[in-house]
Amino acid sequence: MELTLGGLADLLGGEVRGDPARVVRRVCTLEEAGEEDLSFLTRIGYLGDAARSQAGALLVAPAAAEKLDHDLLIVPDPHRALGQVLELFAPVAEVEPGVHPSAVVALSAVVSPSATIGPLCVVGERAEIGSGTVLGPHVVVGNDCLVGADCLFHAQVTLYAGTQVGARCILHSGVVVGADGFGFATSGGEHHKLQHLGRAVIEDDVEIGANSAVDRGLLGDTRIGAGSKIDDLVMVAHNVQLGRGCLLVAQAGIAGSARLGDGVTVAGQSGIIGHVEIGDGVVVATKSAVLGSVASGRKVAGIPATDHAQWRRQQALVRRLGKMRSRLLELERTVGGRQSEEEE
Amino acid sequence: MELTLGGLADLLGGEVRGDPARVVRRVCTLEEAGEEDLSFLTRIGYLGDAARSQAGALLVAPAAAEKLDHDLLIVPDPHRALGQVLELFAPVAEVEPGVHPSAVVALSAVVSPSATIGPLCVVGERAEIGSGTVLGPHVVVGNDCLVGADCLFHAQVTLYAGTQVGARCILHSGVVVGADGFGFATSGGEHHKLQHLGRAVIEDDVEIGANSAVDRGLLGDTRIGAGSKIDDLVMVAHNVQLGRGCLLVAQAGIAGSARLGDGVTVAGQSGIIGHVEIGDGVVVATKSAVLGSVASGRKVAGIPATDHAQWRRQQALVRRLGKMRSRLLELERTVGGRQSEEEE
Amino acid sequence: MELTLGGLADLLGGEVRGDPARVVRRVCTLEEAGEEDLSFLTRIGYLGDAARSQAGALLVAPAAAEKLDHDLLIVPDPHRALGQVLELFAPVAEVEPGVHPSAVVALSAVVSPSATIGPLCVVGERAEIGSGTVLGPHVVVGNDCLVGADCLFHAQVTLYAGTQVGARCILHSGVVVGADGFGFATSGGEHHKLQHLGRAVIEDDVEIGANSAVDRGLLGDTRIGAGSKIDDLVMVAHNVQLGRGCLLVAQAGIAGSARLGDGVTVAGQSGIIGHVEIGDGVVVATKSAVLGSVASGRKVAGIPATDHAQWRRQQALVRRLGKMRSRLLELERTVGGRQSEEEE
């Protein structure tokens, strides 16, 4: 891959400052980039690193341009432009449309001629695989699944029977969609399984990270809204309704029947209890446990989760508890209160 | 699937109030149910929703019957009866006993003629697969495993060599049973592996959710007691002893050699440290860390976990810390104490 | 397997006290061991159990020898010696070098003649598999991967294209190495994928537990240092740099671009935020959230994590908050302060 700075500017809609004929062979971090590499400044906090970088050229916002001496590619949103540059430099996948001879595809399955079914895949009865979709090795698509166009399923993905996946979804290895939820009727200490008759529905443009699980609904469906992105080892329970453009970071967990609005962010290792409503744009800080509904736009933290700023104040107060206790003791001495503290 | 209310009453042992000839075609939530659907009231808190439901018929407890105008199927335990109804309406699995031609089954393996070995399964030397058991696609059963009757393993389950699974167990996709525990002898900063010679033993009627892991024992076995249910992404470490009828909710983790009694519930994202005893019926609240043994019947919460009611009181006090500090400051002013607080 | 105590002493470099001709058939726990079994005392806290054990012989440190009446095998480091004994008693793996006929191996792949490629494996274009390495069933090795010598990959491991694994690594079932990190450029509420051009590099002597995930780098590599051990269901995000000999316990998570030194221990269910530096030998207690850099040698705990001893003091103070509040109220009464507390 080899592009000129001017060529990149044409593709991205940016402006060159310096030599438009400069050749760019790789995209690199500020530290690693050399004379023939493009690097980037997406956070102004790294301006010093950018100034010191050996990169041949930098991708920057207009505001940063005057502070740097490099050849520059100036764009309104360098983070977004970086995404486009990475697409250009990404290796082209070596896939050939068609069904690998080792795959086991049901006769009643409908596979688009432009889809790729990798080695040792299993595609069940009446399943449909859309045009341009690529199933890596060892993918299992259950009976009656519908998979849209231009999806990419990496090796070892499993869809249970009846699962629906929209267009342009990326599912990483080990993802399981449509397993039964954790629902039992307990009587006399015995847990009787509740058969799950609902489905799991993944809308368009969703990405799900390695070894994450999205369970099917008990009745009705579990739904992941369009454009939502789910990281690795995340758990989405039965009948969860996730809005559009949500972010569930690694090891987050959403319990049964929780409803999340659009643009909700759940940071890593956080959990949301079942049967609650989480409004649009809510941000749940890392390692929190949301035990009730949260209104749109709020940022929450803690176990149980509370307003984020309030949680920070509380944590600061907890760190000063030792001093508070000393002051209390001093007051008691001054006032002549009880001295029994040592015996607690 | 189509049943009459009277037919359902016969099957479940309940009583009809209204039209026993009413036809029921689906089971639905209170919100979604229409004229030809059965819905249900399992928690009295939803009585209002039930009263408003368009469902043709409702499954209810005797206490709720007089408050509703619908055709009713009255049963002593509607939650349990719902489980039975869902069984009736669940799609019949399309499996044919026998070994799929693409499966790799060792000559010394003993597979019941009524078992189903799905596409691309691997069954190791001397492994035994019981009658009526179904292995979905891509299941790997290691050497010397014993799998009981009427189990259902979904796609991509792995049993390491020597693992034992009882009757009627359900293992979901991505479950790994019998991997080595996390045991090392560290000397001079190097971690030397301890070979794990024990097994993992799953007793009868256990269900394990997607991508969960149960490690084998170092010496002696890891054991999951009969009727226990494990959710997705749960970790059970080497030599854990889990009693009967336990519930481990999503992303819970049980560390090495912990012993849990019968009927223990560990809520989502909670952890139990190694080498402790957790008594019968203990309930661990969500996002807790149990760092010591817990007596039977107790409910605990927090990090470290303490009595649940006490934890709630402590959290309430933490939320009032700001007020306590103000009162302390006021007292200091009144009494004439130090004013140095601002400088902290 | 049958060895004499004297034979074991020769193999391990230890000293026998008692009958060197005593036959040892198994290694067992102190409780389970009988006349023909070897047990061991690795923690002095179990001395009483050792004294009561029916074991024919015990593996002990010199300090414990005089307190026990059993036949003894005395070694300087019984924990390390136990590791060696377990190796001797571990069942010999039944593998035959060569490629199983059901495996799908690219013509351009380079597989050592002494390597074992198990049933239904997929090995991609130009991938290299080193001498003595064993791939269990259903392992997927992507294009251009390099796998060193004497590795053991259990069933259902996935390496994405370009992943590198050193020598003597053990990867357990469900491990995914090299999936894309969770990186998006968000504009106007839409999350645009950042293609990940970096790799995941696993150095020598690393073990990774069941269903864990190590993502590839965005630019530059994610790196797991030599001799590090990772437990089950652990998440290592893009561009993390893990030093040598680290321990990541079950369900721990390390966020993007965090840099961990050598010998760092992250206990179960703990998390480390992205873009921080964790010094050599740091210990993160269970269920903690490290939200900033930590200097070498420190032990931290809590959410957010702080000095471990300080966290313990804070937790003790929180448990006494009720008493502090009562004392404050008493003082207010004595001094004549406000009585409005009840209305809060």
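Each chain carries a letter (A, B and C) given by its place in the written order, and its residues are counted from 1.
One rule holds in what follows: a contact is a pair of C-beta atoms (placed from the backbone, for glycine too) under 8 Å apart; a residue touches a chain by one contact, two chains touch by 3 or more.
It should be emphasised that the depicted structure is a prediction, and the values quoted were computed from it without experimental measurement.
Any chain touching chain A that also touches chain B appears here: C. Between the two copies, chain B and chain C, the Cα superposition rotates by 120°, quoted to the nearest 5. With each centre defined as the average position of its C-alpha atoms, the distance from chain A to chain C rounds to 25 Å. Residues of chain A in contact with two or more other chains: 120, 138, 156, 174, 211, 233, 251, 269, 303, 318, 321, 324, 328, 331, 335.
Against chain C, the residues of chain A that register as touching in their complex are 27-29, 32, 77, 79-80, 82-83, 86-87, 89-91, 94, 100, 102, 118-120, 136-138, 154-156, 170, 172-174, 207, 209-211, 227, 229, 231-233, 245, 247, 249-251, 262-263, 268-269, 286-287, 303, 315, 318-319, 321-322, 324-325, 328, 331-332, 335-338, 341, 344.
Those residues of chain C whose C-beta lies close enough to touch chain A in the complex are 104, 120, 122, 125, 138, 140, 142-143, 156, 158, 160-161, 174, 176, 179-180, 182, 184-187, 189-197, 211-213, 215, 218-220, 233, 235, 237, 251, 253, 255, 269, 271, 273, 289, 291, 303-304, 306, 313-314, 317-318, 320-321, 323-324, 327-328, 330-331, 334-335.
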